[in-house]
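Look at the two complexes coming up: chain A is in both, with chain B in one and chain C in the other.
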Partner chain A sequence: MHFEYEIEGGDFSSAGKASSDIKKILKQLNIDPQIVRRIAIALYEAEVNVVAHACKGIMKVDLDAHKIKILLEDEGPGIENIERAMQEGFSTASDEVRQMGFGAGMGLPNIKRNTDEMRLTSVPGRGTTLEMTVNFSQ
Partner chain B sequence: MEKPNLKKLTKELGFECLSGKALLDRIPQSAYVSDLLSDVMGKARNGMIWVTSQVHKNIVAVASLKELSAIVIVNERPVEKELLEQAENEGVVVLASNLPAFETAGKLYNYLESWQDAAL
Partner chain C sequence: MRDRDYTHAIQIDTDKCIGCSHCMQVCPTQAIRIVNGHAGIMPERCVDCGECYRVCPARAIYVKDDGLSVIKHDAYRIALIPSVFIGQFPSEHTASEIMDAVKQIGFDEVLEVEQAVDFMKKEYALIADEIDHSIQPVISSFCPAIVRLIQVHYPSLTEQILQVKAPHDIAALYMRKSRQKAGNIFISYVTPCAAKIVAARAPVGEKVSAIDGAIDMKEVYNMVSKTLMEKKEARLSKQFANMSPDSVNWSLSGTEKQYFRGRSLAIDGMDNAIEFLDRLESGRVTGVDFLEMRACDQGCAGGILCPGNRFLTVERLEQREKKLAYLTEVNKWVKNDLMDYAEELHQVCKTDPVYPRDGLMLDEDLEKALQKMDRIKKLNSYLPGFDCGACGAPTCRSLAEDIVKEKATISHCVFVQRVMEKNYNLSPDQAFHIIEKIWGKDRLKKYQHPNGKTES
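Entry: the complex of A and B
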């Protein structure tokens, strides 16, 4: 199965729609609830990252019987230093975004913790690509 | 004795139910206090009550994705109708406390712990 979602930068009121949609699908497929929760966390954080930092992005989700693969590509400022971005507590979010309770520098570490594979690449000034995989059996 | 559900807890702690009245039979599993959404995403466990002063719509998405039993908004913070409608649609219970976060959390802690002790 393949699904695609467009994500608008700055549109916080829609953040979480794609994650919640995928979560419903996974539940219908009777995937282990604990694994569904891990995927939902990773998806939500990834979605919020695009909303908070990029101009726009696209989320492509591929599902088979064994795993879910998620590819997020955005157009935006990109990430200068990925190693630093992965550190818990580091964030470049604006004050406005922080006031909403985002930008705590926990999003990427949350993604790492809840996925089996995570690959983050970026071209500063162009955009960021995030690939994540979660296996359905542990 | 059986643990209290949200209905009993709401009444006994003096909270007000703003959305999800039909879902108050949920039995909460502990609570988590935070205004950082990623902190809740990462550390809260399903079934928990979330105490926060955030009142924008994203808290509904977080509570729904994490399957939290309820959100308690502290300090009589005004909550928009749109948030409550979304909460109602997504099966999220929103409660309001007229006390600040510290007092709200303290009351919740004592209440939930007293039931914990009673169960032992």
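Entry: the complex of A and C
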């Protein structure tokens, strides 16, 4: 099954829509509730990343009986140093974004913690691509 | 582990139900459908919050309690009353007077549940030291409708539910321990809501409840009102505080949370709870240690079986708090007999973990569930999407679900029907029959003229 969501940069008030939608679907599929929760958290963090850093992005979700694959492509500044971005507490978020309670530098590490596979690639000045997979059976 | 005990107190009397669908529209868990002209509840989804009961214009939705007949039992009969019951009456009646009037109905003893709150406060202080901080926040187990809402709709949060019994259970356990000499005892709880009845009959996290029966508060209210009206003799009044003053407010919104160390929130009302739990589940709430949640607005003062006004009840309990504070100050002590048993109660106050329910599951088999979900997605894009409810389901999405569960067909949608009629896939007679199957046989009668023509 395939789903797509468009994400608008800067639209913090709408962040969480994709996460909420996908979560509703997963809850009806007899998947371990804790796995559903991990996916919901990863999806939300990924959405917020696009909202906070990029101009716009698209989230493509594919799911089958074994796993969920999420591909997030955004158009924006990209990430200069991916290794550093993955460190807890590191963030390039603006003061404005931080004042809203985002940008604590926990987003990417949190995604890594909650997914089984995660791949982050970026072309600085163009955009970032995030791929993540969560398996339904441990 | 799964919890598959779907006992409910909310029931529908199909003789009275007029199939108006008010209940279906307000059900926060989309658990109601209209079939054959009557509302029906899906047991695996209902959480006994009672929102449907509030809106039923025909009084067809009722709460099945154990009734006052329990007072005929040959036993030492104890009534547990929550503070919100006392708050149903104007302040000119003292708590002692009201409790005495309850006793006159036929009880040997009456205890105010909130005496157990002093124990809860101590227990909360101990728990805060023991809890696993990786599982945050802890969610109060006080409101049984909230516990069931989490079981059905937020299954990943069940392990965050506090594993401690509610005050009315502690109060009942105290009575069992302290009144052993009375022999066979029977404990009735005067309930402000349906969910507490279910909690007594089919408790979550414990095998049996310490409460033997639950009585609809309205029934007790009527009898006590009569007694109080006829009463002429001198007024009874408390001479000392039998619990700490703010304990009377525990069942309302905002008191319980103050007794859990750290950052805490108080949330009341089903819609508010749902919105918050959804955020919490997606990891959007951080740094909160405790969540106090009540399904009803203003907590138990807004319970569906409370006959009075919730805001007046809250104000009266505030006045009681002041009175208890005054007595505490004058006497310089609080004498709560229940606390003599605190050690013993501590040994029995814990519950087992709470497990998720299957209310949302489309199929046990993931592969099959996925196929059904795929069909739902397709149907959903085909249906009009403005949730008119004419199909007997609350939303287009719920109709799509019912179709894949083979409980409805696509022709239940009135818009699809028009298209099918236009394309000659459905005769007007067939369409008529479908509507009758949903809304009842006589539902379309009044639109038909004796000569067979419709009114224009």
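Following the convention adopted for this analysis, the second predicted complex is superposed on the first by the 138 of 138 C-alpha atoms of A that agree within 3 Å, B and C clash if a C-alpha of one lies under 4 Å from a C-alpha of the other, contacts with A are read in each partner's own complex, and residues count from 1 in each chain.
Please note the rule applied: a contact is a pair of C-beta atoms (placed from the backbone, for glycine too) under 8 Å apart; a residue touches a chain by one contact, two chains touch by 3 or more.
Please read these numbers as outputs of a predicted model, since none were measured by experiment.
**Student:** Would chain B and chain C fit next to each other on chain A once aligned, or clash?
**Tutor:** clash
**Student:** Just to be sure I read the superposition right, which of the two partners does A:R113 touch: chain B = first, chain C = second, or both, or neither?
**Tutor:** First partner only, chain B.
**Student:** Between chain B (first) and chain C (second), which, if any, makes contact with A:Y5: first, second, both or neither?
**Tutor:** Once the two structures are laid over each other on A, A:Y5 reaches no partner at all.
**Student:** Which partner does A:L29 reach: the first (chain B), the second (chain C), both, or neither?
**Tutor:** Second partner only.
**Student:** Figure out whether A:S13 sits in contact with chain B (first) or chain C (second), or with both, or with neither.
**Tutor:** first
**Student:** Is A:F102 in contact with chain B, with chain C, with both, or with neither (first, second, both, neither)?
**Tutor:** After superposing on A, A:F102 lies in contact with chain B but is clear of chain C.
**Student:** Following superposition on the C-alpha atoms of chain A, which segment of chain C from the set 39-47, 201-209 or 291-299 overlaps chain B?
**Tutor:** Stretch clashing with the third chain: 291-299.
**Student:** Taking the stated contact definition, name every residue in chain A that is touched by chain B in one complex and by chain C in the other, in rising order.
**Tutor:** In chain A, residues 16, 19-20, 23, 37, 40-41, 44-45, 110 are touched by chain B and also by chain C.
**Student:** Which bits of chain B are touching chain A when the two form their complex?
**Tutor:** Contacts found on chain B: 35-39, 41-42, 46, 52, 54, 56-59, 61-62, 64-67, 90.
**Student:** Can you list the residues on chain A that touch chain B in the complex?
**Tutor:** 12-13, 15-17, 19-20, 23, 37, 40-41, 44-45, 48, 100-102, 104-107, 109-110, 113
**Student:** State the interface residues of chain C toward chain A in the complex, per the touch definition above.
**Tutor:** Touching chain A from chain C are residues 153, 155-158, 278-279, 281-284, 356, 360-367, 369-370, 373-374, 377.
**Student:** Which residues of chain A touch chain C once you look at their complex with the stated criterion?
**Tutor:** For chain A paired with chain C, touching residues are 1, 16, 19-20, 23, 25, 27-31, 33-34, 36-37, 40-41, 43-45, 63-65, 110, 136.
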